[in-house]
Each structure stands twice: as C-alpha cells, then as structure tokens.
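Common to both upcoming complexes is subunit A, partnered first by subunit B, then by subunit C.
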Partner chain A sequence: MPATSGPLTPGLASFLKTLRTNPIDTSIDNLISLLKRRQIRHSRSCATATAYLLRGVISASRTNDANKLIERVQNVGRRLMAAQPREMVVGNIVRRVLGLIRDEAEDDREGDFNLSEAGSESQPQTPRGLDDPTDVLSARHDGSDRGASRQPLPALTAAPISMFSLLSHPDTENSLPGTPVSASPSGRLLGHAPSKDIRAEVLDGISEIIDELTQVDDQIAAYALDHIHSNEIILTHTSSTTVQKFLLKAAAKRKFTVIHAEAFPNNHEATHATVSGANPYDDELLSTESFQKPLIALGITVILIPDSAVFALMSRVNKVILGTHSVLANGGLVASAGTRVIARAAKVHQTPVVVVSGVYKLSPVYPFDFDSLIEYGDASKVISYEDGDLVDQIDVQNPLYDYVPAELIDLYITNLGGHAPSYLYRIVSDHYRKEDISV
Partner chain B sequence: MTSSTPTAPSPSPAAAAAATPTTSTPSTAPTSSKPTKQQPSSQSQKPSKSATKSKDAATAATSATAAPADSATAQLTPAELKKRAKAEKAARRARERAERESSGPAGGAPSGGAATPGKKDGSGGGGGGGSAAGASGSKQVPRRGSAQNASQNGGGGSKADDKNVAVFGHLYGQQRRTTVAGAGKEVHPAVLALGLQMRDYVVCGSSARCVATLLAFKRVIEAYTTPMGTSLPRHLTTYLSHQITYLSTCRPLSISQGNAIRALKLAISSIDPSTPEAEAKAFLGEFIDSFIREKITVADQVIASSAAQKIQDGDVIVTFAGSSIVKQTLLLAHKQGKKFRVSIIDSRPLFEGKSLARTLANAGLDVQYSLVHGISHAIKAASKVFLGAHAMTSNGRLYSRVGTALVAMSAKERAGGVEVPVIVCCETVKFTDRVALDSIVVNEIADADELITAEPMQQLTGLPDPAAVTVSAADAKKGGGGGGGKSAAAAAAAAANAAAESNTLAQNVSSPLTGWKESANLQLLNIMYDVTPAEYVDMVVTEMGSLPPSAVPIVHRMSTNL
Partner chain C sequence: MGPKKGGAPKQRGNAAETVEETLQAVVLADTFETRFEPFTLERPRCLLTLANTPLIEYTLEFLANAGVEDVFLYGGAHSDQLERYINASKWRAPSSPFKQLTFLKSTSTSVGDVMRDLDGKHLITGDFIVVSGDVISNLPIEGALAKHRARREADKNAIMTMILREAGRNHRTKASSVSPVFVIDPTKDRCLHYEEIDQHNPDSTRLNIEPEIITSHQEIDLRQDLIDCNIDICTPDVLSLWSDSFDYQAPRKQFLFGVLKDYELNGKTIHTHIIKDHYAARVRNLKAYDAISKDIISRWTYPLCPDTNLLPGHNYELRKGSLYQEQGVTLARSCVIGRRTVIGQGTSIGDKTTVKDTVLGRDCKIGKNVTLEGAYIWDGAVIGDGTTVRQAIVADRAVVGKNCTVEPGALISFGVEIADGIKVTEGLRITKAPRDEDDGVPTSEPEIVGEGGTGYEYVPYEDEDEDDTASNASSGLIYNMAHLSLSTDSISTLSSEISDFGGSRSGSFSTTMSDDEDSDHFVHDAAASVYDSLREGVTSDVVQLELVSLRMTANASDHQVRRAVVSAFMKRVAQLMEGGKGAGEAVREIFGKYREIVERALFDREREDKPDQVDLLVLLQQDLVHRSRGDTVLLFIAKELYDLEIIDEEAYEQWWDDERSSSTEEMRQVRSQAQQFVDWLANAEEEESSEEEESEEEEDDD
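What follows is the complex of A and B.
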C-alpha cells in the first residue's frame, strides 16, 4: 500500500499523481481502497480514475491477445465494482473498455478475413490503406466531437463499422517498421500484424473516453440555449458541475431566474459555495471548476431555498433541471436524496423535469431491487453528536440517494443530445456490448 | 460579529423588566432592528424639553440678575422672553441635531461593514454622545431609534429590496421587531415579553401561540383600569389593539391567534357598559379561561383520543416537524399499549421534529428520524401519515409548516397505487374563512439569516452558554406549562436550538453564505408555511369529529356562530 504523496489528501488528484510512478497492481489496490473509503466520490471522479487505471492496466499488460486483455480487464473491473457497487460509473467504464477490446478483436478478425479474402482475390488493400491515414488521423485527433465516443453516434450509425475496419489498416502499416512480431497465440496465420495493434488501439480508445470525460459538461452545455428561454424560472437541486455549466452557458445569452434547493445535509456546503461563488475548500473535482464564475456574477438571480420549500415554489417554476448520480437503462435514475420528491412535485404541477447527464453515467443495469441502489450516509449530519443522548435513542437515517422512476422524467440531455427516457435503452445498446452487461 | 451579545440593552425600566425573561434568547440578526416612529421622538423630546425649560429658567434668572437696572428688558419679558426662548430653543435643537448626526456615524463607524451595526453599536454611539454632552444637560437621552435608523439606511437601503424575492414581495412588509425599544407605552410587560418569545420561536406552534396570547391578555385585562369618561367595553378593545399591533410586529399573527382575539373582542363588546369594572374583568378572565379550555386543552384531548383510535398495532406512522397535537396523539396511543413505529421527518431551519423525537423516545416509542431529503425512503414503509396544522383554509387546504405538502404528496404517490392515508389533527380554532390556492399569496417570511448553516465542528468551541439555555428552558417551561399547547420540552429545545444557532451564526465565518447580503443577485428565501392541496388530505380530526377537508367551511361557520 503506497503512501499517497505528501500534502495531497487521498483522492482523485493524488491517485492520478501516483498512477505513473507506482506499479500497476499497487495502483489497483490504491483505487480500490479509495473507492471503499469513499475518498473518490463524484461520478466523474470515479469514472476518470477508472479510465486512467484501465489505461495503465492495458499498457502494463504485455500480451497482445484480446482474450487475455479482456480477462485482465474483467478481473480488475470486478474488483473495482465489488469495492463500490453503487458507483455504477466504474462498471460503465469497465464495460466500455471491454467493448473497445472486443471491437478491436472483431475488427482484427474482420481484417484477417478481409486480408485473407483480399489475398485470395489478389486485390491489394493498399489503395484503401493509402488514403486512409489522413482520415484516420483527423478523425482521431481533431478532438472534441469525434472524441465524444468511440461508439457509433446515433447520427452516424451507418458509418462506424466500416470506419473501424478502415482504422486498423494504417496502423498496421505504421507498426510494420516496429518490432518484429511473433505469431499470435490464437493461431491466426495472417493476424499477427493486426494483433499487435489491439493494445495501441485500445489505449487510444481509452484516451478518447478520458477526453470524453473532460469534455462532456461542455458538450452538454452546448444544448443549453435550446432548452432555456428568457425570463424562465428554473429550479435545481444540489451542486452539480454539469448543471452549473449548462445554466452558465444559457446565462451568457439569456436572463432567467434560478431557484436552488440546497440539499441539506449531505451537499449543502457545496451548494452554498456554488451559489455564492465562494469556494472554501478544495473539492476533489478537477480544479478548473473551482475557478468557474457563479451564476450571480452573470446577472442571474439565484434564490437559495431549503429543500422543504420546493412544493411551495413549484407553482412558479417553469422547468426543473437536475443532475444525477447515474442513469439506469430503463430511464430511471439514481440521484442525490431529495430528488425524487422534487421530481414528483414537478409532475404534480405539470412542470417539465430535465435531467442533464453525460453518457458515461448511463448504466446498462436494470434496477430490479431499488433498495440495493441506495446508499446511506453519515447520521451525524442529520443530528450532530451534540445531541448524543438523542442519537442513542432513535434511529437516524441519512439516505444519500433516491431512485427516481422514469415516468417522473420528461427529458434527458446527454452529450449526444436530448432523449426521451424511453429511448435510453437504445443508447445503452450503442455503448455497451451485450456480453459485458454482467461483467 | 462579537458584538451580538445575548443581552438586549434596553434603557427603559419597563422594557428591561419585560426583557429579562427573554434575554437568554438570541440577540438580533444584524440589520433587523426597526423601532416604530412615534416612540423615539416622544422619548427624546421630553427630556430635551425639560432641559430647555430649566435652561430657559436659568437664562431668565441670569438675565434678570445680571441686568436688574435695565428695566426696559425687564419690561419686555412676557413677549420678548418667550421669543428669545424660542429662538434659543431652535438654535439648541439645531446644534443638538448636528451633534447627533456627527456622533451617530462615529458610533456606527467602528463596526465597519454594513452587516455588523447592531443595536449595541447604535446604543453605544448614542450613549457615548449622551455622556459627552452630559455637561450641557441631560438632553442627550440616547435616541436609539434614530441612530439605528440612520445606520440601517446607511447599510441597507435599496440593497434590502434587492434581497427580497420578487414573487414574495407582498410578504416582506416590515422586518420583525428585534427589541422592545420603541414599543408603545401602553403595551403591557407580559405582552412585550411574549412578543419577543414568539419572534425567537420560544413560543412556537399555532396553539401554543394562541394560548400564550390569551394568557398574556388575561394579565393585561387584570392590570387594566378604565380611564375616566369611557366605559370598559368601549375602551378596552382599543387598548387591546395596541397590544395586538405590538405582537404582530414581532411575528405575524397566526390564524388561531386571530380567531381567539376576535372571540375575545366579541366578548368584550357584549358586556353591558353599566357593568361594574371588577365584574366585567372577572367575566373576561373567566371567558379566556373557558376559551382555552374548550377550544384547545379539552379539544386536544378529544382529538388525541379519537386520532389515537386510528393507530393500530404494527403501524408505521410518518409525521412532519413537531406538532403538539400529533405528539399528544402518539403518546396516548403508546399509553394505550399499541405497538407502532414513528418516523419523523424534519426540516431546516427550525428542526422542530427533534424535540418531538426526544419526547417520544423518552416515552419509549420506536422512533426513526430523517430530514426532508429522506421523505421518499421514510414513506416507503409508512402505513399512515399524521400531520399537524397551522390552519385549515375554507377550500379544504391544509396550511402548515413548509414541507408538509411534500410529505402529503409523497404519501399519495407510492408505487403500486397503494396510498397511505393522510390524517390531519387540527382544532377548529385553527379553521379560517380565508382561502388559498398556492403557498405564495398567503405565507410568512422568516429571517433569511436563519438559513446560514451552523457548522457542527465549530460549535465545539462555541457551545451555547449553558446558563442561557437553562434560563430560556425554564422560561419556556413557564410558557408551555401555562397553556396545554406546545409542551415545555419542545419550547426549551427550540430555545436551545435558537441559542446554538445564533451562537454559531456569530462566529461561523467559514460558511460560504456569510456574505450573501453583499453578493448581488443572490437571494435567500426562508418561508414558513406551505399549502397542501385538499386531495392529499383524507381526514381532518377535530374536536367536533373526523371530517373530510371539504367540511372545513361548514364547521367553521358553525363554530363561529355559537
């Protein structure tokens, strides 16, 4: 167990810092204990940590065999997910990495097939290979849009399969001058060159996932102006960077009013800090967010209310915009406690409920046992230990999450656009492979 | 913010006497002192007038002695002296004003920011000026009112408007009174004390406030003597209305208070003017006692016993905040040997459910406690919801502590279509002929500073003064024991809470909200009540029976036509 370096408190930052220096197995243990101790909490931090760790795992594994890679990732993934089963993003990222490997492996096989076919038909692949590199490089490196996901975008559903098959060839050629390759263990005769690629391809894919994680909020925010009109009254709950960025983006162009429920007792300090723009402590979120302007600096009126006043004010609210912890395949979501009553109050008042969430929070899990999704937190936040006599006598409950059924949600906005809750299963099937749903 | 000591500096002896029971209660929120207008002027003018009079006499004497030979001046005395005195007076007034203006800001200046000048500073500055100018006579009785007004205008002004949530603009009106200073001289000490207790939530809850008001008015009536030339039924009503006005500046009157006052006024006006005063007063004392007994004490017992019948073995009762009548019901059911569990949902900033939880746990009930964020979890296991009421409106809606509507709504949304019955316990004295559709038109705004969080870590260094807490607890016991409404424990806990909160409020610098008044566009909203739609309420248990919410207007008519 490595000591996390000096002044840093254990968290995402310290983990990423030690990831380079520590051997990979130590890092795995490190992340597992961080997850277990809840020192990495937010969905995005967990996702980022997982993605970086898996990149480390892949690059450290010496094998080029897809099956071995899958096995290795599955192994690590299972341990991570067991460490913190309620952080579903961990599982999501593991599944996506597994999906990447499988995709690459299939492309290889396809490539083999193509090559052998090509060989038999004696049609050289070179012409295709030659005009590919530019496409591939631009597609790979132009960053944000394409980098959103390696998985087929809904708009591009036709493209990806052929794209992937295209991708493998230039790298094949690039890797040729590299180390001489041995025959692959799978016994594919012609597959030796592509199989060398798998690791590099997967690493690239993981880098794209990491890119996606850093850009997802901005991508979601780009849709803000489509959803917020002038003079609206918008209600939101707890402090979510995604929601804040979304509102900030709209605030640059339009004037509206935000009613902010404070999410006492689990997240009220962060909410107050978000609202007032004062950041008293270093959150474990990436540091860029702490320099973000608060909404009030852009001339947006922000009204902070206690959670209990939500029903009283709902009749004035035009739209409820919520962040979430994770989204489930049936369109329901697991969000911070108190979200459910807010969504319900909105439904009662016929107010639309919009959930903003990155696709990485979308989990292929169907919730059959809702209670297992709910985590309970520190009771001393509800009744402090000054009232120790009372704490001894009564059962104090502090749920951290609420399960919000899909029928209370009107719209999801992800980095891919807006979706109805009933459409989410389709995005799930775009992003995760069937065989990975139970890792 | 160290200046906000728990004692309220009050110059007038009556005020001091009245304030003593409440001195332990938290002192003011920074900028909320707003005395009425008539009092400061009368207070300050009287001494200055007497001072000028004595000075006039002195100058007259000196002039008389200095120039006895000059008979011309002596001859002019009647008209001339008066004129000169007037001129002198005017000059002195002007000088005084100038002095005060210069000393006022000087007194306020050391406190720095706009948030800090509390009454201590104001009175300190005024007092300083008084003692400095003491040589030239006692004219400088500290005009706390004006000094405060000045500091307030300097600090807040248009900014205060900016901090008001626009939708609730009609509810802001004037801020709650923070001191007894500036209260009319007719206001009885008991009422003065009660006003402050209500403001600080020491006396909190609709029935408790109603009972406390009636008891205070009973003392007012006992101490009342009819002035010459009027009769008791004619004059007492106007006399009482001074008390009522004072109370409503401390905290807006509850529906139950309004109903009780209306009944009392009706009783007063029904007295034959020829009745001897002692007899009339005895009648009114009797009336108040029977009103409390019939409408609240006995009514509570009837409600508790009929609501307790609704509780069965194995029930899980969900309740919100701390209703005295729900507490009575649960305790009674427990005494009857029923086995059930209670789940209390509580809310910021008052945490009224905490004292309820303590009382129930001490009585041996199985209690579960969570805050508003845990509603959907608490309601999952629930078999019944019991709610208290602040009022029932004539369109059958429940007007109660903010958050009640969320609980009632959650009870009606349980998955699988199984609804949890929502039962409201409410005395008919809380029925009103007003109607409400939303929680915005009718509501009460509390001080937004109450929302600034108390950080438990810092409380370790600044625990509330135990002496203060016990004093307020004892005080609350007095209030609670008298009425049957809210129990002493509840009030004591509320007092302790308030004390603790003010304590941390004073030193809690690290809270990101401490400077919220300075940051533009940021508003805090702390409303007290919300309106629960009638369709969420299955039953209203009153002393006249268990009714559907639609029966409220009928019962209200019946009970007011008695």
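What follows is the complex of A and C.
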C-alpha cells in the first residue's frame, strides 16, 4: 500500500484495500488484530469485513470438497469470533457462510442424483448443466437463506421448507459428514464439475450477503411508512444510521416529531452530529450516509434531550424506535447503553417499542449469561482522567451495551419485514443451520 | 519480508528511501535507566510484564494503531533476549502491521548515543515518531501528526512535536519526585522553556526563565500538570541536531532544554501537542508501573486491556468487578477473589485465600490462607500457605515460603526462594542474579531469605557522585509518598550494565570514572567514537581528527584524551581476542595501525621525566584490571609500545616505580606478567633486543 496521506489509522477501509493484495492468511491475522484493537467496530463494519474475508478464504482454498471448505471456514470463524466475542455479527456471518456451503453441498448431491437418474444420456455435465435442477430445488431449499428469494414474503417460502426440513433434514445432516460429496459415486461419475460449482455458488452466495449488507438499511426503510404516521412523536436514541434512514424515508412523506436522546457518553458526539447534520467524523464508514441530509432539513422537528429526560418525556411519545448492536435468539437485544432504560420507560408508559435491525444482526446465540455479552469501554468517557483523586479512588465502569430483555420489545423490523419478538426463533432457524449454532 | 538483523542497515536504507512518507518510528527499548533493578539485571525492561503482557507489546500496539509502517527497535541491555522475543512474536509474522521491523543493536549508553547512531545510519527518511519501549497509549496520532506536518510545511524550523497528556494536579500516573515544567506559548503551541523540578532537592525548586521569554511573548503558560509520555514526532533535523550536540544524553533534560535555550542560535522550535482525552503514559518507574497497571485494569487504556488479549494465546475474559480471568484457572471453593484482579492461565488459588487488586501471572501457585493485596505476582511464582503479600512484586518462578510476610515495596526478583516464616521488610530488593562479573555463583544471605532460601539483598549500583541516594531507600512501588523518589532522567546511568557489549560487564567506559560530569561525557563520547572508528577500520588520520575536534569542544585535558584512547583501544583489543585472535596479534593490529593516535596523546618525548607516558601505562593497567587475560595483554602492549618507540625505557622504569601502578592487589596482579619485560629491559643491552623478544613472545603465546 503506498503512503496513505489520508486516514492513517487502520480500519475497515484499509483492511478491504489490503485484502486483495495480501495472502489470505495474512488478511485473517490482520482482521483478527483489527478486531482485537477495536479498529473495526460496529456491527456493519464487522459483518462487511468478515464477509469479504470469508469470500477471500473460499476463493483462496483450492479444495473442491465441501467438507474441507466447511472445516476451513469453521477454523477461520472460530479465530475471528475469539478475537472479539462481543461482536456477534462476526459469528452470524460465519454461520451463514457455513450454511451456504452446506446447502450447496446438499443441492449438489441431490442435483447429481437427478442428473444421473434423469439425464444421464447425452446431457453435458458442465456447470451449466446444473442450472435446471437447482432452480427446481431452490424452490424448496433456497428460501431458507439469503438474497434473491427474499423479496417474496418469507412466510410463503418458509412454510414448505420448515415442514420439509423438520422431517427430512435430520438424516441428511447426519449423513453429510460421513459421506463427503466428491466420494459419492455419482460425483465421481461426473468428474469434478459439480464440486467446482460448490465454490462458485458459495462465492455467489457470499456476494449476496455483501450486497445485503449494503442494501439492508434501504430495505428496512421501505417499511417506514407502514409504521410512522403523521403527527406522531417518535423517540429514538444513538446515531444509528439504520434508524436515521428509516426516519428519513418516512419524513419524505409525513410530518412528525423526533425526540432524540443523546446517548452520553459513548455516542453523544455522533448523535449531536447526526441531529445537526454536521458532517460527523465518521469512523471508517465513509460512505453515502455521512452525506445525507439531516431530518431537520426535511422540516422535521428534532428535539435533542439528555438521556435522563427520557422518562419525563415518554408520556408524550407515540413510538420508540431503536437501533441495536445485535439481536439474540430469544428476542432480546444487545444495544447501546441506555437502551434498556428507554425500553423500560416505554413499557411503563405502554408506548410501543420498535427495533429496526438487519437480519444479519440476528444471532442464534441464546443469552444465558448476558453479562458476558456486554463490552466495557473506556472509563475516561465517564469521568475525565485528569481528575487524579477520583481516578485513584473510584472504580469507573463504562458499559457500551445494555441487554434489553425480549418482553420490553414490541416489534422488530428487519429487511424481511416486521416480526414479533416471539417469532424471531423462526428467522433464526431459517437463516442458520442447526449444526452451525456452535461453530 | 523476512526477519532482519541489525547488522545490515545499508541495503535497507535504500529501500526506505524509495518509499516516501511512510511513517517511521524509533523505539528505544532501553531507556538507560536503572529504576527497575533488580529485575532488569536479568531481563530487558521492556519485557517485564504489565498486567501479564510485556511492556513492548503495548508500545508496538500503539505504533500499529498510529499507522506506523517502519519500526526501528533499539535494544540496549539484554538485547539478545529482546531480539529473540521480537523474532518469535506476531510482529514478525507476515500479518504484522509493520512493513519493516528492524532490530538494531547498539553500543549506546544513552538516548543521545542512539540518536546519533541513527543519524549515522541514514535510515530515517521523513517524519518519525520516537517512543520509549514502555509507552502505553491508545491515542490515535493523526491529529498531532497532521498539526506537526502543517507546522513543518509553514516553517522548516518546527522540528519536533511532543505529545503531552493533561493530568490535573495530583495524579497517580504522574512522575512524583521530578516534575517537568513546560513553559508554553499557547497561541502557537510552542514550547519555550523546559525545566525539571526535583521535589526533594530544595535547591532546584525554582525555575530560571529567561526574561526574554516573558517579554517577547504576550501569553505564556507554565504547566506542571502534564504527563510527559516521551512520544515525540520529529523531523530528520532532530537527528542532526543530536549529532551536532554530542554531549546531549537525555531527550528532555538536555536535548529539549538545550535546543530551547539555543533558540537564538539555531532558530529551531519545538512544539507541544497537549491531549485531553485518550490515554498516554510511560512506565517510567515502579510507581508508574503500579499506577498504570491499575489504569489498565480499570480500562482507562481501553482497548489495551487484558481482555483484548493482545498476545496470541491469551484468553482473558472480563467478569464483574474488573476481574480478568483466563481459562484454566483453579480456584478453591472458599477463596475470595476481590475486585481489580487479573488471573492468568494455570494459576491455582488455595482455600480461604483472599486476592484483591492483584495481578497474577500464569501458572502461579497460591497456597491456603494467603492474603494478596495490590501484589504483582509474575508467571510461575509460588506463594506458600498463610503468607501475606501487600503491594510488592514477586517475579517469575520466585518462591515465597509458608507464613511469610512480604511488606509493601518489596521486590523479589526472578527465581529467588524465600524460606518459611520470613518477613521481607519494606522496600527490600532481593535477587539472585550474579552479583558481579567475578563471583560467578552469588551467595545467598540467610538473614534475608532464611535457611534454605536463595537470593541476597540487592543494593543498587549507584554512581558515587550522583544525587539521588534517596531513590535507594525505597523501590518506589509503595504509595507512601514520603519514601518516594526516583532518579532523574538518567544521565547518571552510564552504569556498567548498559554500556556493556562485549560480554564482561566491567567493559564499560564508565566504571572507573569519578570526575565531574563533563569530563565523563567527554571520555565517554570520545571513547565511543574512537571505538567505533576502530571497529570500522577507519584510518588513523580520521580518528585523530575526530578526537581532536571532540577534545577542542569539550576542552578536555590530555589525561582525559589518553583515558578515552586507552578505553577504546582496550575494548577493541578485548573484542578481537574474543573473536579468536591471540593477545599479541590483537595488540599488534590495533597499536600498529593506530600508533599515531597514541603518539599524539603524549607530549613528553623530549623530557627527562615522562609523566605522560607513565600516565598512559597506568591507565592501560587500570583498564586491564577488569579484563580477562589483562596481565597477558599488558605484557604485549608494553612490548609493542616499546617496539613502536612510543614509550621510552625510562618511562617503563618510572611506571614500575610509580605508586599508582602498585596501589592495589589487582593492579599488582595485572602487571605481574609484565615483570619479565621490565626486568629484561633493565638487564638487556640494546643491541640484541629484537631476537630475544621474538623468542619471548612465542613462549607467551602458549
């Protein structure tokens, strides 16, 4: 990399830049240390970095064997997750990639059967040859994951697989590790064409995940008009771009009032910048959202309040819209510190709490010990380090996240639509394979 | 990029030149201070662990965070250990954030020498950061760097920016005994004056600010509330400035002070960048060690915390109450683990033991009913049942017996064993490192460590003429401020430990010095310079020229010149001998080639009495006292000097009779072999000298 006169501090941008040139093992170590040093933080940056890295890992691994791919991805995934266990999206992306590989492996095998049974005569067994059967199969299988098949309502595609998978998956899963794909007789018959396909398919799948990551906010924002009505008073918290886009989308059509809690001490500067529209010194996400107009430019009244005033104002609020760090399988949240107070206040006032979050933040982890999910940050944000006497005598703790239990949340809006917290387990089982839950 | 040795800087010099504007950093792994003795007797300071992670890791992490790509690491004492560590570390891996990590060994005995050495190597191509190997900081440096660059663009003379952390009036991380005072022009962030106030020395409690400064600036700030963490952003000019002022040793007390004072002369300005957020501190002494450990545990340094697991293989997790625990820790059911504690892998803690504010390394064994409070127990230490340790350091593999009491400020060094029931009193330092070069096995002192223990009390080596005797009184780990005083930024520590590079510790230039500081500096600088020249095989003219110019500037006496020459020559001879040459061969090589230098240091050729020549011989003798095979070497030197007609017969006689040459047992010992030569001189007739010498030489070569 030539001399960087721009941003010196390594981060997502520099990582992605070097990803292409560096050997993959170097990039893995690089990402691990970036995660450890907290130079890549926030869910989306972590998810993006992980997805790109895994794409690199898959395309660099010369193997054609699905099991080997799975093993490799698991290996890398474990290391990444150990580097910063509290960025749960890293694990989510790893699991989804693993799921992709498994799906492709199964598709491939079943496709082989179809081919060898139906069209074993003169049909050329090139990668093209698989197109037809996979399309047929994807109706059954593909709804369980990403991208292309998401636009139709998930419930439609989800129902058939769920029944199907309940009955049929246990034995396929069990048989999978035992019988590697390429070892199956049909695989040998076909040469290595189908296994080559696996890698290409997986790479396509990862690209879809990456696309999803870039589009997720807009997809979520598409639901905004269903949830925000004219003259409502909305309370929100932190500088989450997902929430901002959501509100902006609604603001284009409707007039409402936003009360913005400032999220002191870890996010207040960014929040202030978001509210005032001053270009935030964006951390590594130097993309379009830093150029977007603030809500006030669209004629929306935005009231910035300290976190302590949330309870007092809650009685007037019609709806609370929150961003989150990650969503857990039970419907609970790990979100910026202060979220729990807001959710709790909303509960007391019977104000609906809506959480906007990409599906990529949805983690299959169940919070048995939610203390361990909370990251503690820099104490000097709370009291200044100059104050020698205090520093010496007081234990200062600065949790970056809160755990918000599911019962305080009324609705989740993801890029798939709105869900009740109790429904999240379904989305989890659609997105992650059971065998990957513990990587 | 494979691992690199410090020995071949030249090829890389070219490589570095081609890449413009990569950010370079110089890490001074050894800061030439003795404050961590006795631990630094056996391990380089930057490998001491702070919250179970070696200090150097934090510094390199800081540089990685700052986006530095080229790192030059200067090792000092125990540089082999450091080099081994670095080569095995993740910084050498292909994924290292550094494009280059160059390990440079040097013969330096001060920061100044390092800078001058660096200047000579021409490795620095642009702005660079200088940090010592014990900086802990989470500061992103872009802000300071951008300002520095802007200033430099505007004014070429803005050569350096110091990063200072604001820290109130009382702060645990601030230096307590010596407070640096910065006089700053806040409108331009320019540092106008720097001075250190020694709190324990009533003479130095006032500042001497030039009236000029006050009259010529509308606004000045006098600040004493800054933590100086020795992070400097420098332009290459700084190096040449160091080279110009060869007597500067310390980066602050001398270099900064001097450059600011000479503003009128050279017009260079030095600026400050005062930060109000982020963490920056330096483990300058044991008190800072304690304070920074606490800062790390309380997450002031986030993300540089134990649960970040900087080292591969670490797996700390944060539990409630700032408790960091690795996997594989064995805790007895009834033990109480209090707040702010770090426990490493494989450590076991026995029943009813209380642990609080403590850092425990890996594989420690803590017995039953033990009380640990504010203790730092490093890897593999064993604490017996019923023992109490408060605010003390127990180093790797040390063993403290049962029912002992270790009082605040005690330092128990590597591998020391303390028998049961012993009370280690406040501030005691116990080590078992080889005491001196000559007694190989250190004797244990039973009155200190008990029957069956190993280790003895370590009394810090202190320069006789230096002022900080107070620093010996306590280790500085304890909070008791009255006891606290730590040596000033160390020009004083030309201690034998550091300047050593041949192998024998006494090889230093400084051990025999007792003159005032200036002459010390001259002798030291001159010796270093001559030695370097000898090593590089420069012609004697050049060496002579250098020596003369050094002498002129320092206004040094002939005696001092001789001392420097002797010191350098002897070091080189010793080195050649270590390299496998015979004593005679080595002596002939050096004295033959550089005869002129010796000759020019003697001014009594024409006189009857030969004080200069005698002086030279005495100096040689003194120097050789400390060296291996000194007696043999002396004999060869005597012969060689005679052959070269540098020293006359009369001088030998006068030397032999001179009381200095036989003042001590050692001196007599060293000259014992030369006896035959002197006898021979006395007896022999001039004519047939040559033949006899040859035969004699052959005898001695055996």
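Heads up, the rule we're going with is that the second predicted complex is superposed on the first by the 359 of 439 C-alpha atoms of A that agree within 3 Å, B and C clash if a C-alpha of one lies under 4 Å from a C-alpha of the other, contacts with A are read in each partner's own complex, and residues count from 1 in each chain.
One rule holds in what follows: contacts are C-beta pairs under 8 Å (C-beta built on N, C-alpha and C of every residue); 3 or more make two chains touch, one makes a residue touch a chain.
This is a predicted model, so every value here is computed, not measured.
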{"item": "Contacts of A:299 with subunit B and subunit C, given as first, second, both or neither", "value": "first"}
{"item": "Which partner, subunit B or subunit C, touches more subunit A residues", "value": "B"}
{"item": "Touching partner for A:316 - first (subunit B), second (subunit C), both, neither", "value": "first"}
{"item": "First (subunit B), second (subunit C), both or neither touched by A:33", "value": "second"}
{"item": "Touching partner for A:222 - first (subunit B), second (subunit C), both, neither", "value": "neither"}
{"item": "Which of subunit B and subunit C A:437 touches, first, second, both or neither", "value": "neither"}
{"item": "Which of subunit B and subunit C A:10 touches, first, second, both or neither", "value": "second"}
{"item": "Touching partner for A:24 - first (subunit B), second (subunit C), both, neither", "value": "neither"}
{"item": "First, second, both or neither for A:411, with subunit B first and subunit C second", "value": "neither"}
{"item": "Partner chain in contact with A:200 - subunit B first, subunit C second, else both or neither", "value": "neither"}
{"item": "On subunit A, the residue positions that both subunit B and subunit C contact, one per complex", "value": "380, 384-387, 389, 395-398"}
{"item": "Complex contacts: residues of subunit B adjacent to subunit A", "value": "165-167, 347-349, 354, 357-358, 361-362, 366-378, 401-403, 405-406, 409-410, 413, 415, 438-440, 443, 451, 453, 456, 459, 463, 500, 510-513, 515-516, 519-527, 529-531"}
{"item": "Complex contacts: residues of subunit A adjacent to subunit B", "value": "262-266, 268-269, 272-273, 275-280, 295-296, 299-313, 315-316, 336-338, 340-341, 344-345, 348, 374, 380, 382-387, 389-390, 393-399, 402, 405"}
{"item": "Residues of subunit C that touch subunit A when the two form their complex", "value": "19-23, 61, 64-67, 90, 93-95, 97, 138, 140-142, 145, 165-174, 225, 276-279, 295, 298-300, 302-303, 308-310, 315, 317-322, 339-340"}
{"item": "List of subunit A residues in touch with subunit C within their complex", "value": "2-5, 7-10, 22-23, 25-30, 33, 36-39, 82-83, 371-372, 376-380, 384-389, 391-392, 395-398"}
